[in-house]
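Several structures are given next for inspection.
Next come two complexes, and both contain chain A; in the first it sits with chain B, in the second with chain C.
Let's look at the complex of A and B:
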């Protein structure tokens, strides 16, 4: 998506979809409306060579980025070298525009949790995450964009709130941010903070990509919580957050819609991409109006 | 060691190994010359993929199946006709429009595969795939021919020299002549595959990208997922629909025995009903109302005797 203001500035935002086998026909038939495709890296780590090679066929059609879910970067425990090497091999084969991972821990004491879990927000996890990011950069050849995660439980033993903790990691590690707006919305809803205030404190110049998704209300620990399940449509609030973001981020944004099941017809997903484009356009317009006003 | 000094059986063994080496070299050189990265083609076009996989007939089969599923063609047993409310311009792709034109009057699904007038519809697919290096273009075909000619020359020269030596010594050379012919025929057969190496690899990649359809197909219902059905048929073939909710699709192209065996077979006692009931054109469709379940199936699977008796 290209936005132009008085011939002065051009920001080409991109909007895409997470690759899922179930969506293959819909995605490959509508590449004129899908700018970029995000592939789950872990699905391919141990896949037969022919499957990884097929990904190159996909990357010949459109821009492909890789998204990891199993490194467990946000931990005082070092990331497994084997996983980093698999990521490196995949990046070498696919040559993605970027790769990304979550600021979560997924294992501890040799036990796989099987879930992206929010660690205690402490100096130890900030330093552990920074150290892991440095190792990732050294082994893979580039640092990942790091993604904020959703959690149903405010991590016990935390010394920082979420945004200060994320900024603490980014201060130590030279990485960009993959800002998941539904994760932000879910956490803000569940723990009662202002998501717009959160956005204002995010280092805008470090945001490399954005995730959109949907979720549902659940009962957890006797309370009503918003669960980020990727099985529902993107709520209006998330589009509003995207517009807010586009109003302040100075560079082009890559926006990915994540859907992991209960797949609707592809047209429904494409309409959500169109709504994301509209939100981006609205935010860009506000940004340029502000810039022009300041210049005047 | 001079191989031409080898005695009969030893030379035949040498020539066998030499032939394998020459044919292997022809294949290896072709594989190297025709390989390459993944090209940018429209992977959302089922007809392009079907054409890549199986040529004109496969693209036509996919078009017929897709149009039937979308209700633009009506299948009545093995007879297909355009739906009453459908006009040709309702289809967006040239191949679909061409197929709709063909079925203004009811006809057998297999008839579309024999229609020579459809050739121009496929030219864009052929051109696209040649440009992408997935099908051999003129230069590739010439290169293949050159490699084959060099190989044939090597096989021919070696065998001719030995044949001449054998004839001068009044030894039998029949086995060597046969072996030379077999080697040349094998070399020729392996020199001109329909797809290039790159085309074969791309087809495998496409099959992998769409592998999720294999499990999805059974959750679709006729008319409910036409894009997915068309892509499934394009990637895996209409025959792969046999054990799915779209099993009827395969029957659309099953020719009657009367057509397969032509007049001579239909004149026999086994196939007599084919020729007698309606003049040999569509006995199943006419005698049983066109239902594939009670007449059409019997004709295709159990012989025309069953069809005639219904």
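Let's look at the complex of A and C:
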């Protein structure tokens, strides 16, 4: 979509949806309202040929990007070569515009954790992640965008806060950032930091894409935390963060809504994409007004 | 190597109930048994206990979905 100021500048942001089997019919029927589709790479590693053919057919109709969940890049332990090779084969087959993975560890000492987990934020995991990203780039042929993850626990043994740790990895590895705004919101809420200050410190020129999602409150030992569960609608705060981001990022943004269950009718998700477009438009307008004021 | 040992230790207490219970009863003893250094042991003694319990709960649900009723190690 195209946002226009009083001047000549235009920025074409895109807004799309995560592909899930349950949403397939809704997505395919509304490609005119979905600019881009993000597919979970791991779902296709061992998928039957017909499913991979369907993905190729989808990529002929719209822009497709791949999103990985199981590499465990943010670890002092080297990423498994066979997983990188599977990612490489899939990228070759689908030719996505980009691929992405999380700054998480997902296994350790032979234990498969089964989900994304925040590692200790230390020099060892910064250097391990950078080394894993270099291996990923070498095997797959391109570096992934790396995503900040949500965590319910303040990772023990950490020497850095989250933003310094993410920046430490990005200083060593030539990769872009997939900024998940609900993950940022959840961590800021759970661990008491200012999400706008965090946004100001993100290297804006390195942001390649944005994730939106929702979550719910959970409680233990009398403490409440916000869980990023992808089962709820995007909260207003996250749209406000998106507008803040659009007010400062100079290049076009790709925004993906993630929903992993408790699926509402597709129209509800399409309305959330529209709200994301409105937030982007609001931020872009502020950016253009600022630029014009500075130029005057 | 110690960084990898710490990740392995965390993976274990996040997903294995018995390991987590032993750890919560004696953080220093269990961390020392795993070969962690003094700095890591001290960090684990101050672990965010609510966060640990919530993480374990959340992972248990996800692992049931991924691996079936009896989660893989």
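As a working rule, the second predicted complex is superposed on the first by the 291 of 296 C-alpha atoms of A that agree within 3 Å, B and C clash if a C-alpha of one lies under 4 Å from a C-alpha of the other, contacts with A are read in each partner's own complex, and residues count from 1 in each chain.
Assume a residue touches a chain if its C-beta (ideal position, glycine included) is under 8 Å from a C-beta of that chain, and two chains touch if they have at least 3 such contacts.
Given the structure is predicted, the values throughout are model-derived calculations rather than measurements.
Steric overlap between chain B and chain C is absent once the structures are superposed on chain A; the two fit side by side. Across the overlaid pair of complexes, the angle with its corner at the CA centre of chain A and arms to chain B and chain C is 110°, in steps of 10.
Shared-chain residue A:227: touches chain C; no touch with chain B.
Ranking chain B and chain C by residues of chain A touched puts C first.
In the superposed model, A:252 makes contact with neither chain B nor chain C. Of the two partner chains, chain B is the only one touched by A:29; chain C is not. Taken over all C-alpha pairs, chain B and chain C come no nearer than 17 Å in the superposed arrangement.
Overlap of the chain B and chain C contact sets on chain A: empty, with no shared residue. By the touch criterion stated above, chain B contacts chain A in their complex at residues 37-41, 43-44, 201-202, 204-206, 208-213, 216, 227-228, 231. Across the complex, chain C meets chain A through its residues 3-12, 14-16, 39-40, 43-44, 46-55, 57-59, 62-63, 66-67, 71-73.
Across the complex, chain A meets chain C through its residues 75-77, 105, 107-115, 117, 119-120, 122, 124-125, 128, 151-158, 190, 218-223, 225, 227.
Touching chain B in their complex are the following residues of chain A: 20-22, 24-26, 28-31, 50-51, 53-54, 56-61.
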